[in-house]
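Read from first to last, the chains carry the letters A, B, C, D, E and F; within each, the first residue is number 1.
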Amino acid sequence: MKSELVVILALIFLTTTNAPAADETIDTRARGIATLDIIVGDDSQRRLEALTDIAPELRDWITDFAYGEVVSRPALDLRSRELATVAALTAMGNAPSQLKAHINGALNAGVSATEVVEVIMQMAVYAGFPASLNGISAAREVFKKRGITLGKETQ
Amino acid sequence: MKSELVVILALIFLTTTNAPAADETIDTRARGIATLDIIVGDDSQRRLEALTDIAPELRDWITDFAYGEVVSRPALDLRSRELATVAALTAMGNAPSQLKAHINGALNAGVSATEVVEVIMQMAVYAGFPASLNGISAAREVFKKRGITLGKETQ
Amino acid sequence: MKSELVVILALIFLTTTNAPAADETIDTRARGIATLDIIVGDDSQRRLEALTDIAPELRDWITDFAYGEVVSRPALDLRSRELATVAALTAMGNAPSQLKAHINGALNAGVSATEVVEVIMQMAVYAGFPASLNGISAAREVFKKRGITLGKETQ
Amino acid sequence: MKSELVVILALIFLTTTNAPAADETIDTRARGIATLDIIVGDDSQRRLEALTDIAPELRDWITDFAYGEVVSRPALDLRSRELATVAALTAMGNAPSQLKAHINGALNAGVSATEVVEVIMQMAVYAGFPASLNGISAAREVFKKRGITLGKETQ
Amino acid sequence: MKSELVVILALIFLTTTNAPAADETIDTRARGIATLDIIVGDDSQRRLEALTDIAPELRDWITDFAYGEVVSRPALDLRSRELATVAALTAMGNAPSQLKAHINGALNAGVSATEVVEVIMQMAVYAGFPASLNGISAAREVFKKRGITLGKETQ
Amino acid sequence: MKSELVVILALIFLTTTNAPAADETIDTRARGIATLDIIVGDDSQRRLEALTDIAPELRDWITDFAYGEVVSRPALDLRSRELATVAALTAMGNAPSQLKAHINGALNAGVSATEVVEVIMQMAVYAGFPASLNGISAAREVFKKRGITLGKETQ
């Protein structure tokens, strides 16, 4: 049910991205918050604040640029984008807390837990087994918090 | 047209992956070659041979393990897998010729050129602009060889 | 002479960065172009276009976000920022052409060739000798094109 | 004593690796378990299970491919392989728990604690001092658990 | 006040670096300890000892080579060097405890807390937002321990 | 024949490394040149000069610190050290020309071409197939220049 809602929400805000230049700044902010609320869960701004207390501009850049400008672009669906981000962060292997955030984000955007595991396991081929094993540890932690048992998931 | 064929081919070989243990080795090889033929283009084995002349086992591992065992798993479609691989190799930034191979692979697996560009641009957020710019250079080279002009692609 | 001009130009545009929200988008673009013109040399937009033909948004993001929003912030001078960028790209070691661009940028922003060499050599301590040696190769190439002979530079 | 046993065990299973194709799958599994039991300590399969509960195929790939196919190849001795792995994981610096596992593995395969320290210190040259210092922290932890005091080891 | 002292100390020992070859080893050691005492805080040798108990040569190399030979070179000021090191370690993202040490070092060498935050935020452009966010976490921790509140700092 | 000479030379200079402090600087230089001459081939200093023309101190640091101080330490043999370096540079994947230099160095230090290939192939497990494939490309180039045909080598 949740993922259907996500898809509908995504369709709504993604089809409205070609706003005229005048209100662009405001739209970018709104689009960023909407995208982040899907990925991070509602109240994304409050969570970002805690991360960027000493660097408030970083919160704005993440909202406006990263999510309002880049990740919300309609030419690729949010589900594919989050799957790609999980792949990249698993392969790079040096940002475990961001990886966990995006495993959550992928699940929130409609990726199944099984697909998350698949893409992390696949990284063994491109970035080696240690990167893949650490990705699986991150997924295990996220799944536990969400009460997901593989094989019985109901996304 | 080509991508439809790919989807049909993919469905055929992906639904036959739960073979019994006895013939597993042979099946793994066949599945690996079939997957590689989609990604690399037919005759994948001959091309791999050129890369691994002094390390023939590496060709077998790529065929049997990487593609026969991992990438051909049915729980995630080949299109998503190739998109994830393009994301990861762009982010890592230290394997430009493999990145080009997988941009080709993504296009062969049904990803549109626009989606390839989207996922590479998205990596600016997670791995920085230099990684993203180098990914775009790799895509430009691949698109040129294939005669792809963005906006006019017909995958 | 050139570096003095740079400093004056930098002072002018950097003291005007607290523009009100209404014209923010336009100001960000102008600030980005001004900063890029210093770093890349005039006509930065034309050069970026060549790099981002198939990804024109990437050019806008680099102009507006990377340089208009981040690198042009007055709280740290452009000279220090370019030195830091040369350090980071040398240490990461996977974006040689961007490293060369920023060695040029550092020189354009008032860093002396000797200081460029110093910070690259220092990276041997933090990222190992191979990264440092490759950084020196990048610097050699840039210095050659600019006709810089170490010990005789006149920045 | 232990390391002599290891050498004998290693010789036994390594000289039997050219089994005919028919039983290859079974042999690969057995070879993988034997190699992992030396590196990880006996009961390697139970430990792997804990790491890969949500990704059981990863355990099989590590057993069959990584150790049964690659690491157990007779053309390079297990001692050299583990030393090389400690070097690589120290240099990459993004898999600290796997590094500790392979410091243990190196000691189990007959590398002396002094040699482990030497190869980690050497990485200061190729990957920088931070990578080397973090490698030494990993070694300190492993040595403590095993009761190893440098200078007094009796491998 | 402290940073003025640092500048004076730095000037003293940096102007004496061209000692004749005979006493070079002794001078290098003294220069290394002086530089480390500025960066790490006095008693740098005792702290290094704790890190390198099982690898005492590593302590000597850090003192003599890294700081006595490289970082103390007069051709680039210590403040710029520490800023460059913070940038590089933020971008590499795989040595968080060394990053914290050098955020401390940068503050000790006269970089303001605001400038530290600026250079870490700038790395979002060159190494991606996850690297930058993790750098900000490191800075937050260091600032807390030192009682630094941004906007009210008095370096 | 050559490798026997190497072993003898190595034994000679490695047993003389505990020189008293007075002549330490001179000994370090001599030890560095001797080690580099084995790894790089005679005339290592001339070759380093070409690499470090604009950074002559880098040549001295490589000679005195990297090879005179670290790599020449007797507690681990040069053959193991070069094998470890080939592993680390293959895994890091961002210094292809240094990797080629150390594949040469490994062969010069008595590692067989087969062992070089083995350790590079092994990195597929720890750093992924792209890193391993690029390592094999580096080895192919080195072997070609030296006229080495695998299976027929005569180290």
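In the analysis below, a contact is a pair of C-beta atoms (placed from the backbone, for glycine too) under 8 Å apart; a residue touches a chain by one contact, two chains touch by 3 or more.
Just so it is clear, the model here is predicted, and its values are computed rather than measured.
Taken together, subunit A and subunit F share the touching chains B, C, D, E.
The chain with its Cα centre farthest from the Cα centre of subunit D is C. When the interfaces B-E and D-E are ranked by how many C-beta pairs touch across them, D-E comes first.
For the pair subunit A and subunit E, the distance between mean C-alpha positions equals 35 Å. Separating the centre of subunit A from that of subunit B, both taken as means of CA atoms, is a distance of 23 Å. Between subunit B and subunit D the centroid-to-centroid distance comes to 31 Å (mean Cα coordinates, whole Å). Residues of subunit C in contact with at least two other chains: 57, 61, 65-66, 70, 73, 89, 91-94, 98, 121, 123-127, 129-131. Residues of subunit C touching subunit E in their complex: 65-66, 70-71, 73, 75-76, 80-81, 83-92, 98, 114-115, 118-119, 121-127. Residue ranges of subunit A in contact with subunit E, taken from their complex: 51-55, 57-58, 61-62, 66, 89, 92-95, 97-98. By the touch criterion given at the top, residues 92-94, 117, 120-121, 124, 129-134, 136-137, 139-140, 143, 150 of subunit C touch subunit F in their complex. Those residues of subunit F lying in contact with subunit A across their complex are 91, 123-131. The residues of subunit A lying in touch with subunit C in their complex are 21, 24-25, 57, 61, 65, 69-70, 73.
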